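Sharing a structure here in structure tokens format.
Letters A, B, C, D and E mark the chains as written, and numbering starts fresh at 1 in each.
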């Protein structure tokens, strides 16, 4: 039997890797993917919790998370496209017209 | 397998809202004058408000609660929606983004907020939050051709998603610990199983605190707000500075007082520095702003700081003071934004603070209204803003947080400086150039409503206060 | 239970006093801004009507009791137990009269000197009046605070919009300075509210006893608000700027009424609510008062700006007031209260006078004047009256106040009395020097050919001249209002013992 | 209401009428109002005299002026022997000088104003002398000071005049500072400020002490000395004498009335009035005596070398006032008041004569530029000569009797410093005679040293001016006859009326000397007077080149005297300049600007600077935002877990 | 033991692939590594008896979302930017923060106490099948959130259209 801790640690690791990507990457799309990575980390822990608690709620939540992730991706990518139309870049550090 | 029909009375307002939003989406295809859509949504708000008053109850297996608390917040959302719709049409025309989806999306966003306010289950909470957030992302990026608007949307969206991930991580931990996502069950489980000092519970609570702090734009999770507020279309800025913030407070209050009620001492340790920092950073950074939307953004951050005092107090009085303040804040803040919108004309942003120079001479009425809003935001009686702050401070002091209140009043004195600067520019400087005001009946109506609310609530706050207090008795 | 006297007037006179100006402001709001004459006339009529109404207070006031009179109480915010609660006693009644009188004078003096945004100006002025009256009438701490803060708005505008060249700085400084002070007081008020069992009713709060430590903290919280307003050393630096830059009407209101509110606050709140702390803090307050007297006086010697000099002289004079108040004896207190009134009249008059000449010359630099007495003899005569009242010459009101204060101060603390008395020498020094530089010596070409005061200006100043001599020669008209209230206050502050003796003396005298 | 209350209020009415209507309506007729009012007061004063001679003293309250707790004070009047003497002096001098002014001030642009001030002065002075309590005394005290201020600065366009007025007021305030404190102590001790209870209870408290500023001091000494501070200021004694010579900037009638006959003697009046208190303190009396003696010597020495006609008389006044204090200080209050009374006549006369001379000389005041005026102005010459004889103590004239009385009382009284002050007094008598006649000789004798123009205009003054001169001259000769000492009186069968009259109020100390001693003292004083005159004759008529040579040889002494011992410069150096320097450089420059304002402006600008600095954190970059969020989370987690 | 080895493989791959995703310079590569990552995660789900979740992980995530990403990446044609620095300069700070967070969170995980055990034992799910169990719950107990999710998707559609498609009008 695989202990729950292993899953949780794995989830934490992936979450942190995703966060690291989010904090460091300049490319907007990769930042986006980093967020997806974080969401997947959450999903891992949810599914494993569900498994160990013998409960379905975790699965349901994962289902919704995936739904929302899809919706977020759709909108996010739409924004990126219109952004790209105005300014030919996907680099975040060129998106600092507003600051201070 | 027979499926029991759930009790739909409590969700009736939301259902109507959904219906109206979908009708608007369809009507958009046939109706040429998009203002009509706005008008339609206004009518629906009337209906929804009516339904709200009779909607008390719990439904969907306890996932959805309609109580005084949620109803009060929903009234704030309605006010927010109505005022936003009133100030929008002219702006949309000026900016050439007069799409019907705008109204549908504001309705969806409001729907999301309503769900948040009523959520008794983290799943509903999360979905409501996302519904609100996604709609708002779109609205923030609504001026497609404008780089600033795109930038605002993408920053808001990415950081929002980041915060959502953190929220979800917290959710997963709490789910793992308690085996449930229902707020009340969580509370019961925590107390019955002595989880109160569990470090993992603390981590989970921190993640919740962070995610909600993000929504209410509390320092240090506020960084998105100034940029998003500045870049978004101005009516949406107004909308965002009130609605999502109020919704954030709604869930913050409910989650922290219901689910984490037993670990109040722990989370107040988190929220106190956040509140102090929020007031500090919001007020101090607002001082050096040159863009009025940005300044108002920082001001709205600062106001979140004040409102956190009520949550920290954690008493019924504290919560009701937050409700009361949020209600007042909706009027004064949107009123201020309405003036900002009026200054916007084709080819003239009117967003620079220096554009307000001499407004008292060229447009005395607008200037006088702005003056009222500015003093109200500062918290000078007899404007409503004072009453709001006063009640907040009172409840915080009663809960024993006198020192934080002293910090708060000092920062609110600092805030006078930048609010007064607007008044100063309007009345004490000569106009540089002639500024045309972009007025419309909608904005006029919105201003009339906001200014009379600000003054009336300032002078006769008893009604609203009583309502807010009633709202938390059933909480 | 708190005892008060019912309003026997048959109509809510205090509310009418507060809201009549507001109604006037509303009427002006509806008037066309081009119709300046109507705006001014409405202001004047409303001002006069309010004044006449306030005269009823003067005649109907029952001088034999310390109880609150003309009381009105209505529910306002029931859930917080905040009531709309008005009433007057012997300490506050005179200030209402002063406020209503000063407003008329301000309308008159602004008749021609205000040339831009006339409408806003008179609205601000009238709103100001209502708020001022409200401050003096409030018996609910919250209501008081609301009026107290509400005054900031019109005053900020008065200074900032119609003031002198450096007006914006002065206005912001005034606003922030006073705001910082008052928000601290707000915290104090709330603490008090909860300690006393959820009430803002001042009279009820006074019946409670508070632990000494709490009193001390609250004392300083209140001090923050009141001392700034007075202004006491070392928080006085807003005053020279605000006074100097404000338009004449603004300076007059500031000097005559606004800065009285600080001292009034000490009397109405700090002392009866926090008697032990007030007693304990007396040495510090007396020290600060003496410093203010001497410091403000000496600093006047080096002023080159007319209004600035008078402003600093206010610091000195208000030092006398606080000295008298914190002498905590009958003479000191009554002298202090009377001196508040006196200072309002005299410094108000001085600012009005400076305004009159400023309208002609547009300079405030003392060196630009000289020999004005030759060209404006009537003006010079009026001004000397104010000057003499300011330096406390017998037969003027200043003497009565200062004498009683010094007597009280000397009784309470000899060093304070002696040092403060030296302020009288300094006062004579700077005021007479000012007078000499402006009115005497060779006529400066810049002032040659000035017109003497016209009828409107004369009417503006005459009531103050009359009051100066009235109080100076027959002060009992005004002192008699205070006796029972002051005794009552002293009883509360000193907590039995000494006041009992005083009360005996009092009953003997009243017979 | 007692009709004597009208005594002060008639002149007040005149003031009010003149100041309100004078400029527009009365104009050249303003003097009528004032003169009638003052004359009315004089008549009432005489009636009061008769009343008092009949043995009545009158004491009544008009109305309650101030009432605060246990403090009550009225506007009230006390007319007793002392008051009535003062009343006569004040109203008489005042009436005469009013009349004199009609001629003197003729054609002046502020004619009405002048008379208004004179009336106001008369009112204040009368309030002062008639008060029945300390506070009303103080009222009159400050009132006369105010009128003095107005009248000294009457020619306000002249800087020196307005300076002098201001100086007089402020210097007096220094004295009043002590006076005021004295009243406080009186109230604190006696619980009242009315004379009657205070004086009647004073004896019971003779040995009492009072904790003053932390020191236990003898109560009566304290009160007496504090009150005496006021006297020092008003009567121009050292160290507050500096204002009186400058006060000569005012019109000459003013100098005569206020700065010679009446106001400046108020200090003496105060000491006499408070004699029940002063008598209880040997220390205080000693201080009074020594102050008087030193002042009289000091002023007399300055008077020796001055060239300004009016200033010489002014210093003479200071000196004579010193004499009066000297008298009071040795307990001879009656002698002091007697000298006050005679001095009023001859000194007013001297001033009015000086005014007459000025009138003739076109405003010239330097006696070095005069000479031989007796030829043109016989009346003035004669009257001034008589006045000078009177002041020099020539037997038979008013000054002789009063001066002699003082010197004898000093010599024979109980005062421990009596002999010493007698010696000084005698020396001063010599100096007085000398400088008075130096003045006479330089002005009226010798050759005219002015310009030709001036000489051409020399003329005797008009009747309205000379008649008062002559009337005052009568006083200067005969006023002393009411106080002929027993030594002489016994022989010619008259009493020392004034001493008897004043006895109920001031007492009459008995001298401890024999008739022979008294005779010697008298002869010495006559001798030094004559010696002074003789020396003056020698130096200015016989050997006119001598003074200049003397001045050269004793140049250091001469310069010190000529510059009035540099007292003005000293005050400027230790009080005026430091005050302004502190105001500018310390209070404005350091405390206000560098400390308070630095905080007041510094905090906002620090916040603003902080704000602009903090803005840099908001870089606009999402990674940074997220990093800060993550840092926030980390910090919170750390707080929670490390707690 | 076998299970643990199995888990070890998946965990190792997931971490490696995650690292690759966030460190690759070319977004296209990142997307590709992510695709692989998602398959591994789906495998893990299977391992946890969550067949339906594993399926949608592949279908929705890998099939729809990632393809959308890929599509956008290619649409934007970012190839020429590949030479630029990909990682922000402050990465050590970010690394420190993330590492510290990781340590604290994993440390806190040590305090995990098992929650209450529910009724959906592995056997129960197996007998009902995972898909059916989930579906039943979604359409009964979780109907309400399910409907909200539908609105979210609607908003996403509308939003995407508004932002990317519609023509501007004046």
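We take it that contacts are C-beta pairs under 8 Å (C-beta built on N, C-alpha and C of every residue); 3 or more make two chains touch, one makes a residue touch a chain.
Fair warning: this is a prediction, and the values are worked out from it, not measured in the lab.
Student: Where each step is a move between two chains that touch, what is the least number of such steps from subunit A to subunit C?
Tutor: Contact-graph shortest path, subunit A to subunit C, evaluates to 2.
Student: With centres defined as the mean of C-alpha atoms, identify the chain lying farthest from subunit C.
Tutor: E
Student: Looking at contacts between chains, which pair has the highest count of C-beta pairs?
Tutor: A-E
Student: Which chain's C-alpha centroid is most distant from that of subunit B?
Tutor: D
Student: So what's the Cα centroid distance for subunit A and subunit B, whole Å?
Tutor: Each chain reduced to its C-alpha mean, subunit A and subunit B end up 26 Å apart.
Student: Approximately how many whole Å separate the CA-defined centres of subunit C and subunit D?
Tutor: 37
Student: Subunit D to subunit E: how many Å between their CA centres?
Tutor: The mean C-alpha positions of subunit D and subunit E differ by 103 Å.
Student: Distance between subunit C and subunit E based on Cα centroids, please, to the nearest Å.
Tutor: 71
Student: At least two partner chains per residue is the criterion; list those residues in subunit D.
Tutor: Expected reply: 604, 615, 618, 620-624, 626-627, 630-631, 633, 637, 641.
Student: Provide the list of subunit A residues touching at least two other chains, using ranges where the numbers run on.
Tutor: Within subunit A, residues 8, 18-19, 22-26, 31-32, 49, 52-53, 55, 57, 60, 64, 68, 71-72, 75, 79-80, 82, 93, 95-100 contact more than one other chain.
Student: Which residues of subunit B are in contact with two or more other chains?
Tutor: 123, 127, 130, 134, 137-138, 141, 144-145, 153, 155, 158, 162, 166, 175-176, 179-180, 199, 202-203, 226-227, 288, 417
Student: Chain pairs that touch, all of them, please.
Tutor: After working through each pair, the chains in contact turn out to be A-B, A-D, A-E, B-C, B-D, B-E, C-D, D-E.
Student: Using the touch rule from the top, collect the residues of subunit B that touch subunit C in their complex.
Tutor: 360-361, 364, 371, 375, 380-382, 386, 390-391, 393-394, 397-398, 402, 405-406, 409-410, 412-413, 416-417, 420, 423-424, 427-428, 460-462, 465-466, 469
Student: In their complex, what parts of subunit D are in touch with subunit A?
Tutor: Result: residues 615-616, 618-623, 626-627, 630 of subunit D touch subunit A.
Student: For subunit D, which residues count as touching subunit E in their complex?
Tutor: Those residues of subunit D that touch subunit E are 621, 623-624, 627, 630-631, 633-634, 637-638, 641.
Student: How about subunit D: which of its residues touch subunit B in the complex?
Tutor: Per the stated touch rule, the residues are 604, 607-608, 610-612, 614-615, 618, 620, 622, 624-626, 628-629, 631-633, 636-637, 639-641, 643.
Student: Report the residues of subunit E in contact with subunit D in the complex, numbered from low to high.
Tutor: Contact set of subunit E toward subunit D: 88, 90, 93-94, 97-98, 100-101, 104-105, 107-108.
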